[in-house]
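Consider the two complexes below, in which chain A is the common component and chain B and chain C are the respective partners.
Presenting the complex of A and B:
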C-alpha cells in the first residue's frame, strides 16, 4: 500500500485531484461531494468560514482521514486507502492549524526529524556513528542548515521549541515540513495569530518556496488579502460543500462567496 | 576559567555535533573517565579507600554502574520514546536467567527434535540473554501500538508479575535447585577469571561505558529523533513518515536489551547468587524513580538518578550518625521513602526533566554569567 510513485508530473499538469469526496463523522458531514484539483507548481488556496471542512480536506489529502466516498488521484494514480506515513513517502508534507511541533526537542532536531525518510543508515550504523553514518548525519545537517538560513532562525536552532514565541514556532514547523522536500506542501492557516510583520515574512517564505523549489502548495488562510496576493487559484468551501473555484478575482466577486462570508442564511 | 563557548568556533558540522561541543564539558568528561578508569584502580591498589576497605566499591560503585545501565535502558523507552514501563525488573530478570541458562547449557527435548546448546562462555551468554530480553520486550511492546500512558503501564506491570511468577514456578530456569536460588558460574572473560571487587568494578565500567556511548549515539541520531517525535506528538510524527510500529518496537527492543545486560550484570557480577526477588516490582520502581529524578530523556540523567537513589539512603544513614544523632534502621528506610517521594513530587511540578535539566539550565546561566542576557 505504498503511495503511488507514478510518472513525474510536469508543471501545470494536475498533481492531485479530488473527485466527489465525502467525509462524515457519525452524523456530521464535514465534507460532501467536493471535487477540485491542484496543479503542479501552483499555490492553491482553500478558504471558507470556520467549520467549512478545510482542515478535514487536508487530513483527507494526507491520509489521516479516510473519506467514505470519492476518489483521490495523486500523480496520475487513483490512491488506495493509505496511512499518513505512506502519504509522507509519496512527497506530501504539512503544517498544522495548531502548531504540532515536537515540544521536547530543539528547533534543529525538529527540522532534522523532517529528514527521517531521506536517511538510510540503519540502527547499527547510527549506534556506531562513524564513517557512513556520521557522513549521512552531516550531509543532512547541511541541508537543514540551508533551511534554517532560509527561514532566518539561526539564533534559535538550539532552543527547545516549547520556549519559542508562537510566530517562530510556526516558522520552525514550516522548516520541518520543508526538510521533507515535499512535492505537495499543505499549510493549515500558517499565519493565524500573527501580526502584520510576521504575516509578511511568512508570505515571503511561502512565495520563495514555491519559486525556488517549485513546490506545489495548498494553503488554508483566512486573511483575504494574503490569499489574493499568494494564490494562483482558490477553492471555497462552506458547510462541507464547494461553493466556488477559480482565480482570486473570480472568487472575490462570486455572490455565493460573499454570502457565505457575510453569513447570509442558506 | 569561565565556562564559555566563545572563541571555540566549530569548523564543521561534525565538530558541532560532537557529544560535548563545549571544551569545558569535554574536559569534564575526560576527568570523570580518568577517575573511573585510573584513579579508582589506583586507590584500590594502594588500599587508600576513604571510609576504609572495599565498601565503596562493593556497596556503591558496582551497584551504581549496573543500575545506571538499567536506567539508561528504561530512559530509552520512557524518557526518549515516551512509553511508560513498570516492567524493568522483568526485563532484567529475563536477561539474568537467560544468561544463566546459556552459561549452564540449554536442553529442551521437544516432540520432534531436541534443542540442545552446550554451555557457552559468559560474554556470549550475556549478549544472548539480552537478546532474549529484547525479544520479550518486542512482544510486550506490541500493545503500545494501540494503548498509551497508564494503560500501557498496566500492560508492562502484567509483564512484571508474569515473569516474577515464571522464575519462581518454572524450575527449569533455575536448573531445579531446591531453594530456587541460583549461583552464577565463574566469570571467565577471554580466559581471565574476574573475582576481586576491583575487577568486577572494571568489568561493569567497561560494559556501562560502551553502552552509554552507543545509547548516546542512538538518541542523537535519526532513530533517537524518531523516538522523541513519537513521544512528543505521535500524529505529527506519523505524518512526517515516521512509522509508529518501527519507532516504538525498536525502543522496546533496545531498551530491554540494555536492561537485560544490566540484569545479567546485577545477578552475575553484583549479587553472585540470587533469587527471583532480586528483580521484583520494587526494582522496577527503583529504576523508574532514577529515571524521573535524574532526567527523562537524558543519558547523563540516568547516571545522576542512579547516583542519587543509591547514595540517598547511605547519606541519611551516615550524616545523622556523624552528627551524633543516632537514627534507627527503620527510621532511615522511612526517611528514604519520604525524601524520594517528596523529591519526585517536587521535580514533577518544578522540573519534569529532572536533575539533568537543572544541570543544563545551570550551565546555560553560567555561560551568560555575569550578564543575565
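Presenting the complex of A and C:
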C-alpha cells in the first residue's frame, strides 16, 4: 500500500474544528452549541444515545447540512457553510448508516465511482477510451485494485452489490470512500448489523486504513466495545449537546455519560 | 518430445530440471499469478533467474544443504519458488497446510527441526509466533505479503522480496558466486531427500514422508508420458501446497513436462480463476465436483422455464450417449446429432462457465465418487478419470487409461508399478516414486514395509474380474463384522449415503454391534435451497438439521440405500436400522475431519459417545454438548438435543439365491 501524496501527516495538528455549532430543523434543535476538534491521524469517535445528533454532526462536517450558527474550520480555513463538493474536493469521504451504493453496479464499478473526482479528462474522452483517457483509467483501476486487495474482496469484484450480504456491502462502501484517497474519513455506524466476526474484520480494516494511509477517521458507533478499542478520543453527545470529550477511559468513567446511557431517576 | 523425456531422465533433481527447462522452454510461461486483478506471468528463464537469486539470498541468511525449511501458506508463486530455492541449495522443504491450526503447525515445525520458515503473510506469522516457545530451533521467517507487518519486530523476520534482491545484488557483484551456485546444483544427488510431506493423519498423528528427487522425477516422467502432457499444457494450482497431489500433479509434473502452473488470486476466487485460465490438465477431489454440480443444479432451478427444459432434456441425451461417445463406442447417428446439438446449446456453455472448456485430461481421487456424479461430468464430454495413490507412493499407484473408465474401480497399475493383494485383503505396492522412509521414524517405516520391499497401503481391495482394474472397498483395519458375522465396510455404506446431494457427511457404526446405525451431516447448500423453495424457515444449521421434514427426507434416502443393499446378499445384513442428524457440521478444526476432509471415525465416536449410545439403547432423543474450536484457536461450547429415527428394514430380495 502506498501512502497518500503530499506532506507527511503529523499527528496532533488540528485537522478540523467545530466551534459552537448549532443546527435546528424548524423548532427541533438537532445540535446546539457543540464544539470539538479532530486532530490529524487520529481515530475520533462520536457516540451518544439515539437521537443525540450524531448523524447530524457528520452531515454538518461533510456539508450536507448547513448549521445556523457556528464556524467549521477545516485545514485552517474557516467557513460558516461547507458544501458537499467542497468537502469532497477537500478530501473528506464518508460511508452511510444505511448502505448507499449503486445497487445494480458491481463492487468494482462502485469503487471506481469513488475515483470520479480524481479524473482529469472530461466525459467525452472517457467515453472514447483512447490515448490519455485510457492511460488515466488504467492508473485509476490500479489504485482501485489496490483497495480491493486491501479489503480482501477479490472474489466479489464482478458481483452486483445488491447480491452481496450486508457485511460485504459495508466493505465495498468503505472501499468507495477509500478510492477518494481522503484525508478525513467519516464512518456512520460501520459495524451496524454485523456479527462478531464481521465486526472484528471491519475493526481490523479501520485500524489498517488509519495505519497505512495515515487517514484521519471520525466514526459513529453504537458498539461500546468497538469504540473503546478503536478510538483515540471520544466525544459524547446527548440531545444535541456535548456532554463529554476525552480518551475512552475518561469518557467511560464520566458520570454524565453513564447517566445519559443508563438513564437517571427523576 | 522424446528428447525432453530423455533429458528429464538425466536430470535427477528438481533444480536440474529447472535449469533444463530454462534452456529448452526459456520463453514459455512457467508460472502465472493473478495480482491486483491482472494475470502476471514468469517464463522458465525468469523463474530460474529469480530462484537463483532467492537461493543465494537464503544461503546468506544461513540455509545450508541438508537442513529443513517450512513452507506455510496457500498457492503463491513465491512459496513454490521457496521450495525450488531450498532444493537448489540441497535443503529440504517441508510444506504445511495453510489452514492448519497452531497446534498442528507447531507439531510439524518442531518434528521437522526447521530453522527457517517461508510464510505467506501476517496471519501465518501470528500463528507461528503464538507457538514460538515450542519451536526453540526456529530462527528466521521470510514472508511474501508485507501487509500489516510494518510494526512487527524484524529480528526474526525478512521480506522475501528483500531476500531475493539481496541475492540478486550479490550474484551481480561476484561472478564466482554464480559458479558456486552451479556447483551446488550439480552437487545435488537424486537419492537425497527432495521434500518432506506430512500425511494428513487419517489414522493418528501425521508422519513426515521423505521423498527423493530421483524417484519423484521418475514417477512424474512415467505419468507425463501416460497422459501425453507437454510444455503446452496449463494447470491451476489450487490444491493445498502441502498435499502430495499438488506437489505431484502441479510441481513435479510441471517441471518434468515444462508446463505452466497458474496460481489463483485467493482461495475464494479459484472458481473464477479456473474460468479465466482454462486449464488443460485438471484435478479435483470428488467433493469439489459435487459442490460444483450442486451449484449448477441450484442455479438451473432459478433459470427460466425454457432454459430449464432445454438443460434437462440435453443432460438426458448426454446421459444416454455422452460416455459412449467419449469412450469411442458405437452410437446411432441420431444420438450423435442430438449430442452435437446439445453440445452447442448446453454442454459447451456449461463447460465454459465451469472453466472446463480446454480440459484434456482430468483426474479425481481421494475418496469414492458417486456413479451419477462421475457419469455427469463424463457425459458432457470431460475426460475425467480416477486414480488411486497415497503420499508414500508419491501419489500414483493406479490410474485409469483413456477409454477404460468405471466409476467403481481405480484402474490398473500405473507403468512400472507392482501391486500385490495380501492375504488379509490389503493392497501392497512397489512403485518408482515410492518414499525413502518416514522422517525420524525408522520403526514406523519398517512397520509399513514388507521384507521384499512392498509398501502396505492399509486399504482393502481386490482386482475386479471383468475389468482387471483394482477396486478399493475400505481401509483394511476399518472393515469390521456385525455380531452375526456379516462383513461391515463402514466407508462403503457412508459413500452410498454421501452420493445423495443432500447428505454432506455420514458416519456408520456397526462393528461388534447387532445392527448398523449412521450419523448424518446435511449439506447446507442443497438442503438450504430446498428449504427456501418449500417455505421451511430456519435460523441456523442446527435448527435445519433438526427439522422434522429434513428427517423425513433423510429417511427416504436411507430407505433407498437399504433397498440397494438388500439386493446384494453380501451386504443385506448391513441395512441401517437407526439414524440421527448431527447438530453441527463435522470440521477439521475440531479434529473431526482430517485436513483432506476425511472423517476420523474413532474420534467422532468418542466425541459423540452419548449419541452413539443412544443409537443403540433405543432412546428417541439424546443430549449432547461439545467443544468447538474457532480458527483463531479460541474455544466455545455447543449443546443440543438430537432426535433419533428408526427405519423399517427392507425385505431381502436375494432370498431365492440364498435358498439355492
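Criterion: the second predicted complex is superposed on the first by the 252 of 266 C-alpha atoms of A that agree within 3 Å, B and C clash if a C-alpha of one lies under 4 Å from a C-alpha of the other, contacts with A are read in each partner's own complex, and residues count from 1 in each chain.
Rule of thumb we're sticking to: a residue touches a chain if its C-beta (ideal position, glycine included) is under 8 Å from a C-beta of that chain, and two chains touch if they have at least 3 such contacts.
None of the values given here were measured: they were computed from a predicted structure.
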Touching partner for A:145 - first (chain B), second (chain C), both, neither: both
Which of chain B and chain C A:256 touches, first, second, both or neither: neither
First (chain B), second (chain C), both or neither touched by A:100: first
First, second, both or neither for A:154, with chain B first and chain C second: second
Which of chain B and chain C A:14 touches, first, second, both or neither: neither
Broader residue contact with chain A after superposition on the shared chain, chain B or chain C: B
Which superposed partner A:192 touches (first chain B, second chain C, both, neither): neither
Touched partner set for A:228, first chain B, second chain C, both or neither: neither
Chain B versus chain C as contact partner of A:121, first or second or both or neither: first
Chain B/chain C common contact set on chain A: 141-142, 145
Interfacial residue positions of chain A with respect to chain C in the complex: 1, 141-142, 145-146, 148-150, 152, 154-155, 157-158, 208, 211
Chain A-touching residues of chain B, taken from the complex the two chains share: 12-14, 17, 214, 217-218, 221-223, 225-226, 228-229, 231-233, 235-243, 250, 254, 297
Sites on chain A touched by chain B in the complex: 62, 64, 83-85, 87-89, 93-94, 96, 100-105, 109, 112-117, 119, 121, 123, 126-129, 133-134, 137-138, 141-142, 145, 176, 180
Chain C - residues contacting chain A, complex: 36-38, 147-148, 150-151, 265-266, 268-269, 272
